[in-house]
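The following pair of complexes shares a single chain, chain A, combined with chain B in the former and chain C in the latter.
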Partner chain A sequence: MKVVYPHMGHMWICIKGMLEYLNVEVVVPPPSSKKTLLLGVKHSPEFACMPLKLNLGNFMEAAELGADTIVMAGGCGPCRFGYYAHVEHAILRDLGYRYELVVLEPPQKHIGELLGKIKHITGQQSWRRVINGIRFGYNKAEAVDKLERMAHYCRPRETKAGATDRVLQDALKEIIAVSAPEGLPVALNRAVDMMNAVSLDKHRPVLRIGLVGEIYTLLEPFANQDIERKLGSMGVEVDRSIYLSEWVNEHLFLGLVRNTGSSKLAKQKAVKYLRHFVGGHGLETVGSTVLYAKQGYDGVIQMLPFTCMPEIVAQSILPRISSELGIPVMTLIVDEQSGEAGLVTRLEAFVDLLARRKQTGEVLA
Partner chain B sequence: MSVTVGIPRALLFYYYYPQWKTFFDHLGVKTLVSRETTRGILEKGIKSTVDEACLPVKLAVGHVLDLYDKVDYIFLPRIVSTARREYICPKFLGFPDIVRNNINNLPPLIDYSMDLYRKGSSLYNLFYTVGRQFTHNPARIFMAYKKSIESLRMHCQEMEAGWLPFEAGGNHNHEHRPQSAGVQDVTIAVIGHPYNIYDRHISMNMVKRLWDYGANVVTADHLPENVFRREAGKLPKQLFWTLNQRMVGAAFYYFDRPEVDGLIHVASFGCGPDSMTGELIERFARQGSRKPLLNLTIDEHTGEAGMVTRLEAFMDMVRWRRQLDDVAATYY
Partner chain C sequence: MYGYLGIDVGSVSTNLVLTGEDGIIKQSIYLRTQGKPIEMVQQGLKQMQAALLDKIKVIGVGTTGSGRHLAGVITGADIIKNEITTHAIAASNVMPGVQTILEIGGQDSKIIILRNGIVADFAMNTVCAAGTGSFLDQQAARLNIKIEEFGSLAMQSSVPVRIAGRCAVFAESDMIHKQQMGYNVPDILAGLCEALVRNYLNNVGKGKEILQPVVFQGGVAANAGMKAAFERALGHPVHVPPYFDVMGALGAAMLAREATNRKGTGFRGFDVADRDFKAGGFACDGCPNVCEVVEILESGQVIARWGDRCGRWSNVLERHEKIS
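Let's turn to the complex of A and B:
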């Protein structure tokens, strides 16, 4: 059995670590690229959102590398993601790919369904080792998130352009290379030291922008055209409303790990504008925008794939928040037609606007 | 002084209006339904909604705008779930908030949740909280609720008997059906969300057109619940959208029926659930059946000629296909 799972940013690092610790053979699809997208677009339903198309492309490329089993998360609505795996499987089957499908999702009838699936993937491993493996994967996710956060801080302040990203890649390699839980803290320390060694100009004035929106477009650099790096090079410190480890903790472990940032606060803040959850991250998008406004961020950018239902609800509410709390909000919608130049132009204009606004604000004060 | 509650002629109006009306009637509350969709109503809705929203949502906002200076309250229940472990689309979950945050000077919205997601939840919660706004007499609310359930049942029965929602409701006016009713020689199943196929403006009068072409029209709403649920059970995973479960179940059912000659799948541009289920229906169609399937996508652009051309071509194809089948049956 050679297991494949779709790409979502740096998620592959944690899942690869977890599965290989459990002696499962893993095929990591090539990083999402134009080719992945083309393959996906060709065979997906036209109005499906972009993550589905990229997932499909990932699976088709992984098949060439010998993968034969798909492991995916599922869900029970109302966001479309809950039905992704089955639609993708049907499409792949009709194209002649022979994939076995294992969907990990909240069980319909009995917890045994889920446990059975985990057993099916991991084979003859003891449950103790499985749990250790899952914890190992989670810790890797935390480590990666920590490095990403540091990179967010460093990018706008680096004295040599591009230095942060080069170091970040090396630091991530340290995390990737770890194959057992014991080695992780040491590797993380080394990686953090590497990041700390990036030479910074700490007094440089920077703008701060919060990124909110749909999880896949936020986490996958190919889907968002590497927006974090682009903003970083324009002198903007970004913060994301969603990090992988937080998401895993809240949705898969049901908040088992304490003392981490939680979307609970965001949800409370959202109530004034949106009184019911709407699936996906709609509620978090609204709440995080309110939070960023209160924390004094200079602006907020919402990212969503075209036709994403929960985010459209959030998008129709953001203008009201923007005018009531006085924080500029821009919505960026991505799909297979998105061009890089268009994005850069809009980002530059937005950043200019924020800089001007900040300047006049300071002068008036 | 009696109050008036406005009900927009949009979204799940086509399923639940008889129930809502009966309920308010028995509480002594006047109801006002927004006018039938016109270009003007749609335009108003488009202006007040984000571009990315789908056609039905824009239209529903337009209908709210049509009502908002004429009534004391607008009845806009937050329809979360109408069946256990199922949802309606996310936009329905957030619809009252979309309205509230995009339109100023609204009359009070009655936006309590209709939520049957959990086991043991009941519609009565919604009606009780709504009723409390107008009367303090619980017995009266309960009686009105009972009556409203009764009229919902009648409405379902009428639809299962072959009426369409805009004809049902006691008056059975036949004015839209072709009077001469020449020969209705083919049967076409129209599969789509109720608010798309029954709204005469945005569907560009599709049902009437099909009648005029001599087709007998059947929809998903003509099937009893147990039938479409059984059919939809053929999917590898149960769908979590009630409306789409109905559509997929109906499509599977009609593909198997010999008297149905063709299917039309109507989706609005950018509809999330339809992008998934449309794909599944199409794959099923190619595998198990030779019946013609037409995929129509509608949006706010008015291109009536495009619709007419495609419907005519589809009808021609259905008839030719059937003739060929007849010929084949004669010779072999």
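Let's turn to the complex of A and C:
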């Protein structure tokens, strides 16, 4: 059995760590690229959103590398993603690929449902080891998130352009190289030290922007055209409303790990504007925008793949939050088009707007 | 005499503006980009030089528009700025106190909301081009009408026909249908203008508070039919400034004045018009992203590169001080 899973940002690092610890052979698809998108678009229904197309492309590229089993997250609720694993599997079957499918879904009743599926992949291994493996993968996700957060802080303040990203790649390699839970704390310390060594100008004034929206577009740099780096180079410190480890904890472990960042707060904040689950991360988008406004962020950018229903619901609510709480909000819709100029123009103009607002605000204050 | 040069390289047009030290336009040039931005910038510079007769010395250059980086590299711009900021600056100088700017260009349309002279909010069209100038251009071509005559013809209409405005393709089939039914051309053109305005206000202007005074600029503002349709839809007058089609370039020139305050210009002179610039490109094979790297060559020498995600190519060149 050679297992493959779709790309979503740095998620592959954690799942690879977990599965290899459990002696499962893993095929990591080549990073999502134009070729991936091309393959996906060619064989997907036109009206599906971009994540489906990229997933499909990932699987097709991984098949060339010998993968034979798909592990994918599922879900339930109004977002179409819950059904993507099955749709993609059916498309692949029609194309002649022989893939086995394992869908990891948020358990309906008990975490045992999830464990059962993991047991299917891991075979005859002790539960103790399986659980250690899952914890290992989760800890890797936490480590990666920590490094990403540090990069968000460093990028706008770095004294040498591009230094943060070069160091981040090296720091991630430390995490990737760890093969057993015992080694992780040491590697993380090393990685953190590397990030701390990036030369920074801590007194440089920066703008702070919160990124909210659909999880895949937020986490996958290919889908969002590297928005975090682009904003970083414009002198903006970003924060995302969704980090992988938090999402895993809430959706797959049903909040088993306590005292971590959670979307609960965001959902509470959303109540004033939206009292109903609308699927995907619609509620979190609304709530996080409120949170960012209260935390004094300079602006919020919402990102969604074209045709994303939950985010469209959120999008129609954001103008009200924007005017009530006085925080500028911009929505970016991503799709196949790769014209970067349009995105850069919008980002630059938004950053200009925030900078001018901040200037005049400071004069008035 | 001294002056400031603003260059706006858009998808459809390339505009150059030269202002005096007081910010008043001395010379403006409007060219069609025709997919050849480098040539057009050079041609524009040549025309500008000829028009100035060496009477004005350029002491600052600003570039804007989707080709701003390209134009900036060629001319040695002092500031490279996005078109939203430049449009806002130009409009608030031409019409102090302006609160709303409607701008419709070739491939994008935007709305800019100003309060107390600063940009408070803006929006651009996202995934749809139905509300832009190119759409009018295409439909005019379909009807065998010169785009320049579009506006005056639309003004002759008495009963605009209703045309779907959400999607350019549906609008076109609607229009053909109305043609076959026997409606006359001015009524169809006026209907098109109304459809475009409707789409613009619903799509780009969604949720924005459009307060007076309203300025309408960009190439499409030349179309009197569009101005009238906006006035009908908004219920109050819409102003089209005298230099509506070069407002981006004007804003860039104004920003150049700010940027060169107590500082020399990086302008490389009008003779760059005669130098040999080429844009080359290659697909980087360093990783599976296969970025399309663009190179700008001057007489065979690489003077700028962009398009790579990791900075492998763009960072090799000595990094100039960031100006955008």
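Everything that follows uses one rule, which is that the second predicted complex is superposed on the first by the 353 of 365 C-alpha atoms of A that agree within 3 Å, B and C clash if a C-alpha of one lies under 4 Å from a C-alpha of the other, contacts with A are read in each partner's own complex, and residues count from 1 in each chain.
Rule of thumb we're sticking to: a residue touches a chain if its C-beta (ideal position, glycine included) is under 8 Å from a C-beta of that chain, and two chains touch if they have at least 3 such contacts.
Just so you know, these numbers come straight off a predicted model, no measurement behind them.
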First (chain B), second (chain C), both or neither touched by A:Pro31: second
Contacts of A:Glu348 with chain B and chain C, given as first, second, both or neither: second
Partner with the higher number of touched chain A residues, chain C or chain B: B
Which superposed partner A:Phe306 touches (first chain B, second chain C, both, neither): both
A:Gly162 touches, of chain B and chain C: first, second, both or neither? second
First, second, both or neither for A:Ile333, with chain B first and chain C second: both
First, second, both or neither for A:Glu46, with chain B first and chain C second: first
Chain B versus chain C as contact partner of A:Gln295, first or second or both or neither: neither
Residues of chain A at both interfaces, chain B in one complex, chain C in the other: 306, 319, 333
Chain B residues within the chain A interface of the complex: 49-50, 52-53, 78, 80, 85-91, 93-94, 96-98, 101-102, 111, 113, 235-241, 267, 269-276, 278-280, 283
Interfacial residue positions of chain A with respect to chain C in the complex: 30-31, 33-35, 161-162, 165, 222, 226, 229, 306, 319, 328, 330-333, 335, 337, 340-342, 344-346, 348-350, 352-353, 356-357, 360
Residues of chain A defined as touching chain B within the complex: 44-49, 74, 76-80, 82-83, 86-87, 89-91, 94, 103, 108, 273-280, 282, 306-310, 312-317, 319-320, 333
Footprint of chain A on chain C - complex, ascending: 66, 81-85, 108, 116, 118-124, 126-127, 206-207, 287-290, 307, 309-311, 315, 319, 322, 324
